[in-house]
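Listed after this line are the structures, all set down as structure tokens.
Paired with chain B in one complex and with chain C in the other, chain A is shared by the two complexes that follow.
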Partner chain A sequence: MVERCYVAASLDEALKIRKETGAHVLAGGTDLMVQFRQGTGISPVFPFPVVIISSVRELDDITAGDDGTVTIGALAVPARIAESQLVPYPVRAAAARMGAPALRNSATIGGNIGNASPKGDLPQPLIMLDARVVLTSLDGEREMLLDDFILGSKKTALRDDEIISAVRIPPVSWSYVFYRKIGTRRANAISKLSLSALMRFEDGRIADFRAASGASGPKVIRSREAENMLKGLDDAEARAELPAFLDAWNEALSPHAMPQYRRNTTRRMLEHFITSALEHPQSEIIV
Partner chain B sequence: MEFTLNSKTVRYEGNPLTRLVDFLREDMNLTGTKEGCGEGECGACSVLRNGKLVTSCLIPMGALAGDDIVTIEGLRETEQGKCLISAFADAGAVQCGFCIPAMVMAAQALLLADSDPDEEAVRLAISGNICRCTGYDLIVDAILLAAKRGKGLW
Partner chain C sequence: MTRIDDRIQRVDAVEKASGEARYLCDLSFDDMLYARFVRSAVARGKIVSIDVPPLPEGYYFFTADDIPPEGKNSLVMIAGDWRCFASGDVRYVGETIGILCGRSRAVLKAIEESIKITYEEQEAAITIDDALAVKGGPILEKDDIHCSLVSEKGGDVDEILSRADRVIEETVETGFQEHVHLETNAALCTIEDGKYTFYISCQCPFYVRKSVAGLLGLRPEDIRVRQTTTGGAFGGKEHFPDVLAGPLLVAEYHLKKPVKLVFDREEDMLYSVKRHPSKVVFRTGLDSDGKILASDINVYYNCGAYLSSSYVVLQRGVFHANGVYNFPATRIHGYGMATNTFPSDAFRGFGAPQTLFAIETHLNHIARELGADPVEYKKQYFLKQGDETVTQGHIVEKVVLNEMLDQVASKSDYWRKAAEYTPGCGKGIGMSFYNHGGAFTGNGEQAIIKAHLRLVKDGDSFTILCGQTEMGQGFRTILRKIVASVLETDMDKVAYDNPDTDCVPDSGPTAASRSTMIVGRLAEQAAMQMKDHLNEEHWEVETEYEHPEGHPWDQSTFKGDAYLGYGWGCCCVEVEADRLTNEIRVTGIWSSHDIGKAIDELIVHGQVNGGIIQSLGYAAMEKMENRNGHFRQSSMSDYVIPTSMDFPRQEWGLVDNPYEWGPFGAKGMGELVFNGADAAYTDAVERAMGIKINRIPVPVEDLEGLR
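Up next is the complex of A and B:
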């Protein structure tokens, strides 16, 4: 049976349709239109009702609050995210390398999160930055850490009556920052592996260190235990602690395929970032 | 639901999940837009949506309310389109031709954003468009030639 398809002109209308019918949200279409395509000349057929929200203009703003929190509307596309000076570097860098130019004009941040692929490009830096996801229903809004919202591969904590409406990135500062995506070609490459990391020095000691590994397990991997091993250390202490840190990060990974490649390459990227940052170079972006 | 297609208003009442590429080719007979992979990987179905490059195989008709769509058939009627098309011909950029309408649309999207691109910008702009004749260098030459000849057009 062909399920119903609805088109919503406002968030309120979309929320009503979602609550009444359980319709799945179609935003950019770059995942769903591929997954349920039937072939040339035939319209896609979905096994569930669908509500198209592409025209809901109220959901595509990128704004900064007084406290420095950056809010990205769920329908913001990677091309705009990559260009926005409000958005922290690792998220811009990830957005700039998603798919190809055409995909970056269609895909949405809400869809990339809702799809919850472990290889999704945006959740990885967002989780490093402690981003929160805003979930809206007819009953109001709730917010949760993106790291808690994504439960595993293709699994999220989204309720049947909710729509992902925005992502909030709390204020962040770093002395050094890193983003790397490893793919097989320059466009339309699905991440084989990705890593974000940042380090902030204060009075000669590491005041903050964070990292996030993409495509290295059923969801984006962060090990706060491993991160804490480096905090409070001066340069010499951090160098001495580095092997133990790298082992601890490696323990947290659970790659499903090519584990040796993913483990070795993650270790080398982290080692490169940390040793480079401990040299205190001029450029805050480590490449 | 209404949107603009090649400067004309179109009213659409059909299945909102019908793909834009099928609507263009089957309903409107605008067969310049090609379907290659149907998965957004090859770029052959690229058109402009509000001045930005998109793959029409991934866009359901229900997403188009109020949008402005331009296909190769619309572009070729404009001075910018004529400049691009003659540059492609003069540079010898067209081999089998299947990828070319979308390559021209990618070039147009680039020139709308950056009227004086360098080679790297051109290569990035067509990075999502596959040419299986592998004629990329001549296509890059063509786009740079159009930018040079068309000064003031974009």
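Up next is the complex of A and C:
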């Protein structure tokens, strides 16, 4: 019942098929096969042609560049991302809690981004880290901020001839970092809410502060205006500014369901992270 | 030689773990057709028209109009009001309107999607409150009450409450629960040796034939039902297989070919029975010392569109509504409400868990209001041997709740922790007490079932013939073990296969925690009689249920001993609440159960673990919402049941309290172990977070509103 189905052996071949047929890309299949399932004993029905790129080996590397940029191939699976020492902590933490082992060994980072679900696990920490997405077509490559690439729930800026080929995480450092996912249960769970945050001190002042909220709106939410409120402040100033910051972050959220829970919990987590960080504890990971 | 105290590896363990077991979906016959249901898309309305496109050759569509004139459009469960096919009107979303049959499941789906059904929609009643307000007009003749009953003991409750020092009023509610048996519902109908024959995943093969025979004007014995290996049921396959079997039989009447129907997970979630949602309203009068004088309890169960078996579920709810406690006076009104939701039906506990959760919660709240420890407060009311029950019968057996409490309190260090964990400190511990009446309510075993079991000897091999089913609970192992132990032989000399109604006597349903207690006893008795004939080459013995003396019961007034005996339980749960996220981490689970005697400790251990986890899921996370008659959760990713990560560790214990009329002293236990962990969990969460919980489930977002 599949309209047309292609299996590409290389990225180049996949790009040609995509350009010629407009085929949608199927990598791990953990979203598409579920979304278009027809029930027991019936093949999935896709309303579009599909190109399967699972066996394109050139897209699953995780590498670090000389400047510290980490590049994760689009076909890298969460199980590998979670184990890679090259990958920054919040992304590894998110990868480690995606679904169950079977999913973590078949889903891909490219798919998790391309699916653009507000509940997706990986976009949230990646957006906090200013990750860029590499989009490849027969005409070449372009890069854009992941935050710009994901336009809304299930919407991206992917062109009809492009394939997500990699994600690039620019060098990052922090004094303190935070990652939490509240799932529907403790394992094999879809996210009800998630939050990443980091803070870097330099000479007693906050040099960098970032956060990202998952499952709190149509896409991952970052508020650079709110983040900027804390930058440049010393501990005492930051404590004084905290309520205003929390209000500003809350303003940026737009949860369509469980608003009270999502807003209050986000507020408590951010307050906890910031006040903990302002006490300069030993451990850089705040839990 | 098998001894009753050996710990046995389950006889079906290897075939199931290795994937060799064949389930209904694995069966295939020459010329077999598949079936697909066409269902109502609205909760309440008149069917204006059903437009079916021209069907491809070899494809068929049957509706109520295809029931032969000698048949009746009724599925006989306990009541007969559930229609095989909706006709003229629809009463809930998912009601079967027709059945499509043909060779390709993909084509069947395409046909289903092209069938246009036009409805004249009416306002639906979905909740208990909707039904009480008769929203949209009466569903039944004059109101929305399917059934009701009252039980009382002690003095005039109204009079006592009017002179009480104070009256505490409280409402406790529970939600839908889905069974999530690993194997979805599935059935196949064919004709073998000129006889309508079902292969079916079910708990009660004799129920199936009784339920559907009337559709063709046949007698139950004109239909043969063969249970296939059943991958879990939890009550979800007690009556519900009839809903698959009925339309299949009508199709078979016309087609005379094997027709197979297998629900996929989404269908099984959206269009199957659930546990009855409940609302229990208490008015409890206290004297000036905080002692309970009387409790007036109103119990409402959401039964859905059809009565089916709900009256019996409600009765069990009412008879368990005062928990394991003896108050001077109690009056319980029970109401089974008709709504336009999918009919509610059997689910492990069969009506008892809802009211047991309610009474535990209510007493915990009263205790806390009085500044007393809930366990200290509750234990003064423990039922004892000889005490009068709420049905004006008596507790016949020795009750060892205090011993169980001591066992659990000492393992969990309850008293120290309860004193140490101040309300809202982030840590909490809670304890619940519960029971479960074994076997059918009242004199049902005698008046309705009259179970039979046959034991056959051929050479040195024995065969047990009865209608009980293995559905994952371990009964195949249990029954063979009982017989082998009595006969002092090896279990592998004792055969007991999936029942076939043409080959086995009717030993009653596999339900109501009656299999070990009642049918296990019949097997024990048969084996004891067999012992005198071991030197004969072939010998057969059939045993029949005999009601134990001294259990008076009047079914017209619901007075007397509602149950032959009870299993008793005590469960303690300790939690840590995350103050940022409301996530609850269960750090300890301890339980003690009085099940008379464990026929097999390994199987009992499995039942205890599973029952407690299922109950914790019910309380903590299993949320099934219904909007306008449509269930909102349709998969295992949005209807979440616990994993071992959620409730990782349990310590369990049993007390030795042999039951006079059970095999080797055993009582029922499969449902008991579901009946109380929920209340222990919410008690612990309440203490950890300093909140009050009056409704389950309580996922993190619902806890937020209580902070």
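Here is the rule we go by: the second predicted complex is superposed on the first by the 285 of 287 C-alpha atoms of A that agree within 3 Å, B and C clash if a C-alpha of one lies under 4 Å from a C-alpha of the other, contacts with A are read in each partner's own complex, and residues count from 1 in each chain.
One rule holds for everything that comes next: a residue touches a chain if its C-beta (ideal position, glycine included) is under 8 Å from a C-beta of that chain, and two chains touch if they have at least 3 such contacts.
Keep in mind the model is a prediction, meaning the values are calculated, not measured.
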item: Touching partner for A:H272 - first (chain B), second (chain C), both, neither; value: second
item: First (chain B), second (chain C), both or neither touched by A:T108; value: neither
item: Which of chain B and chain C A:C5 touches, first, second, both or neither; value: first
item: Partner chain in contact with A:T71 - chain B first, chain C second, else both or neither; value: neither
item: Chain B versus chain C as contact partner of A:G29, first or second or both or neither; value: first
item: Touching partner for A:F46 - first (chain B), second (chain C), both, neither; value: first
item: Contacts of A:Q260 with chain B and chain C, given as first, second, both or neither; value: second
item: Dominant contact partner of chain A by residue count, chain C or chain B; value: B
item: Partner chain(s) touched by A:N188 [first = chain B, second = chain C, both, neither]; value: both
item: On chain A, positions contacted by chain B and by chain C; value: 39-43, 186-188
item: Of chain A, residues touching chain B in the complex; value: 5-7, 9, 26, 28-30, 33-34, 37, 39-46, 50, 52, 54-55, 79, 99-103, 105-106, 186-188
item: Chain A residues within the chain C interface of the complex; value: 1, 38-43, 180, 182, 184-190, 192-193, 258, 260-262, 264-265, 268-269, 272
item: Chain B to chain A touching residues, read off their complex; value: 1, 15-19, 22, 25-26, 35, 38-41, 43, 46, 49, 52-55, 57-60, 62-66, 106, 109, 124-125, 127-129
item: For the chain C and chain A complex, residues of the former touching the latter; value: 25, 34, 105-106, 109, 262-264, 266-267, 579-583, 621, 637-638, 640, 642-643, 645-646, 699-701, 704-705
